[in-house]
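What follows is one structure encoded as C-alpha cells, with my remarks underneath.
Think of it as A, B, C, D, E and F in the order they're written, each chain with its own count starting at 1.
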Amino acid sequence: MSLLHTVNKSPFSKDTLLNCLAICQAKHSVLLIEDGVYGALKSSPCREQIEQLSAMGVRFFALSADVSARGIDENLIADVTLASDQDFVNLVVKNNVTQSWY
Amino acid sequence: MKLSIAVYGAPHSSEASESAYRFASAACSMGHSLIRVFFYHDGVHNASSLAIPPQDETQTTQRWQALALEFNIDLVVCVAAALRRGIVNTEEAERYDLESQNLGKGFEISGLGQLLDAAVSSERLVSFGH
Amino acid sequence: MKETPTTATPKKILFVNTKAPYGSSLARDALDALLAASAYEQDLSVLFLGEAVFQLLRNQNPKDIGMKSLAATLPVLPMYDITQIYAQESALSTRGLSIDDLVLPVKVLGADEIAALMGSQGAILSF
Amino acid sequence: MKLSIAVYGAPHSSEASESAYRFASAACSMGHSLIRVFFYHDGVHNASSLAIPPQDETQTTQRWQALALEFNIDLVVCVAAALRRGIVNTEEAERYDLESQNLGKGFEISGLGQLLDAAVSSERLVSFGH
Amino acid sequence: MKETPTTATPKKILFVNTKAPYGSSLARDALDALLAASAYEQDLSVLFLGEAVFQLLRNQNPKDIGMKSLAATLPVLPMYDITQIYAQESALSTRGLSIDDLVLPVKVLGADEIAALMGSQGAILSF
Amino acid sequence: MSLLHTVNKSPFSKDTLLNCLAICQAKHSVLLIEDGVYGALKSSPCREQIEQLSAMGVRFFALSADVSARGIDENLIADVTLASDQDFVNLVVKNNVTQSWY
C-alpha cells in the first residue's frame, strides 16, 4: 500500500527524518515541510540515505514555499522534487494514508 | 475526495497552523471536500477571538473563519484541550463562572471523539504538529 | 434507512506515538485521544516509536512535577479492547530497554513490520 | 541574592513553566529575592484567567499569583507576545474593541524592554524554554 | 540621590540563538528582544549556535508562508550599535555554509572561544 | 569564570546536549532537567563525553523530580549527581551565569 510521510524537523538537530527514512520502502513518498526542508540540502546528514532510497523507488519532495522562505533553493539534492501546496494535496489523495513526523 | 485535518500547533509560535491552513485552502480550491478541521493540543489557540496579531501578520482566526464559511467546514476545538489552555465558549464560561468567553465565531467546542469521527468519516486525514 | 458504509465496517486506525512523556503533554494527549476513540468500535492499534518507548517504562512517579503517571494509565488499554500494541525494536534497544522494563505487554516490530503496519491502515493519527 | 527568570513555555503543553515555578518557589523559600518573572513567547499563557485545568491538575495561574503575593514578585507579560496569542488586559481590550479581557490578576502587561531590565537589575537570570 | 551601580556601568549581556527561523517564532522573538534591548545602553552581543546559523542565510523569502524575513531585518543590527555578532564555526561547516552566504558580517568562533564569551557575561538570554 | 548549563532535551532524539557538551570546560556545571535527564542514562549516546568531561572537572547533575517522574532512578551514569530544586537554585547562585539549552 502507498504511504505518504511528512517531516517538519531539520535533520541537523533532530532525528525525525532519520526515523522516517528507517522505515521507508519503495512506493512510499516523503514530503519535507517547514524546517524539514533543510533535510533536502546537499549538506544534509541524511543525503546518502535519501539518494539510496530514491534509487530504490522512494519519492522525495520539498514544499516549495518552505524552501524559498529559508533561502535554500539553489542547494538541494537532485533527487528531491519541489512541490506546491496543490502537489501536497495530490500526494495526500494519491497515497492511501499519511504519517506526519514532527 | 473527503478530507479532514488535525492541527496541534498554535499560530505564530509554530508553523504548523500556517501549513495546515495552506493545505486546507489548496484542497478546497481544488474541489475536495474538507469536512472537518480538528484543533487539539496547542492547536486550540487557532480559535481565540482575542488574538490581535500586527496588521501586517497573518490573521489566523479570521482566515479559518472565512475558509469555513466559504466551503462549509466544521471547525472543531477539543473541549479538554481548550479548557486547560484558556479557550472557552459562553456555555463553559457560565459553567465555570468565568467573566468572559473567547471562542471565535464559527468554531465549535466538542469532545475528543470528534477526532476519531473525522478519521472514520474522511477518506484521508492529515496531522499538523509542532 | 440510508446506508453509511464507512462506519458499518470497522476502519483500521493507527495511533503513532513518537514523544517522550512529561516534557510535552503530547504523550498524555495521545493517550486521551486513544481512550476516547475506544468507544467508537473501530479497529484500533497503537505504535510507540523512538522516544515514545519511554512512555512504557515502569516506576514512573511524576507527582513532584505535578503530572499524572502515564505508566499508571497505559495498562488499562486492554480493558478498553485495545490489544494491538506495538513498540519499535530499534527504539528499545538503542535506549537499553527490554520488554521486561515495560508496564504492559507489547509486540516488538522491526522496520519492515512497521512499514507494513502503517501501510495497512485506513487512517493514521500522528502524535 | 537578586534573581529573575524568563518563561517561554505554556502551561500543560510544555514542562517549562512547571520547572520555572518550582525554581521560583525554591529560590523564594531559601530567602533569595526573586524580583521579576518575565513571560514571553508561549509563556504568556501562564497569565490566562480563563484556563480551567481539571481539579487534580496544576492550577498554574493561581500558583504564580499566590507566590507573587507572598514574596512581592513582578509578574510581567510581554505585550507583543500576549497580543499575538490572545492574552489581553482591560486597556488592550478597549483599544482593540474586544468584548473581554483575560489577563489574570497580579500579572502586568509591559514592553519587551522589561526582559533586559530584569537581566540588568538582577544578579542572576535563568531562562525556561520549550 | 540614591546610586544605582548596577545600571551605571554597562552590563555584558549575551543573546544566544539556537533555533532555525520560521519553524518556530523563537528566532524572530529573540531578534525583537535584542532590538528592544539596544535602547538600554548595555554591552550587548549576540551569538548564533547550531540551527540558528540558518537565520543568517541570504535570499530568504518567507512571504508565501506569511512571515517576515529575518534576513531582511538582521542587517540593521550594526545601526542599533550591536556590533558584537558571533557565529559557531562548526555549525556553519556542518551545514556547508561559509561567511559569504550570510547577510551580515559575523565573527566566527570555535568551541573554546564560545565558552570564553559565555563565561565573560553578566547575563545570558537563551533563545 | 564559572558557567552553569541547563539542558532539557533528550540526547536520543535531539542534539541539544551534544551542543552543550561541545563547549563545556573545567569549572562548568551541567544540570539535566525535564527530558534532558534521559541524557544521564547508562545507555545515553553522550555517556562517553560525560565521563570524559567529568574526569576533566565538569560537574554533572540531574534534577531529581524529573528523574523520578520518568522512572529512570536505577539506571544513571555514576558521574551524574541527583539535584533537588534547592540544589538547582544553589547552582544558579554559585555560577556567574546560566545558559539554558532547550
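As a working rule, a residue touches a chain if its C-beta (ideal position, glycine included) is under 8 Å from a C-beta of that chain, and two chains touch if they have at least 3 such contacts.
This is a predicted model, so every value here is computed, not measured.
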Maximum centroid distance from chain B, chain identifier (CA atoms): F
Of all other chains, the one whose Cα centre sits farthest from chain C: E
Approximate Å spacing (C-alpha centroids) for the pair chain A, chain D: 38
Rounded Å distance, chain B centre to chain D centre (Cα mean): 26
Shared-contact residues (touching 2 or more other chains) in chain C: 22-23, 25, 50, 65, 67, 122-124, 126
Touching two or more other chains - residue numbers and ranges from chain D: 8, 12-13, 15, 19, 22, 41, 57, 124-125, 127, 129-130
Multi-partner residues of chain F (at least 2 other chains): 8, 12-13, 15-16, 34-35, 65-66, 97-98, 100, 102
Every chain pair meeting the contact rule: A-B, A-C, A-E, A-F, B-C, B-D, B-E, C-D, C-F, D-E, D-F, E-F
Residues on chain E engaged by chain F in the complex (per definition of touch): 16, 18, 49-50, 90, 111-112, 114-115, 118-124, 126
Chain C residues touching chain F - in the complex, by the definition given at the top: 20-23, 50-51, 54, 57-65, 67, 71, 94-97
Residues of chain C defined as touching chain D within the complex: 22-25, 65-68
Residues on chain A engaged by chain B in the complex (per definition of touch): 6, 8, 33-35, 63, 65-66, 84-86, 88-89, 92-93, 97-98, 100, 102
Complex contact set, residues of chain C against chain B: 6-7, 11, 13, 25-26, 29, 32-33, 36-37, 39-40, 42, 122-127
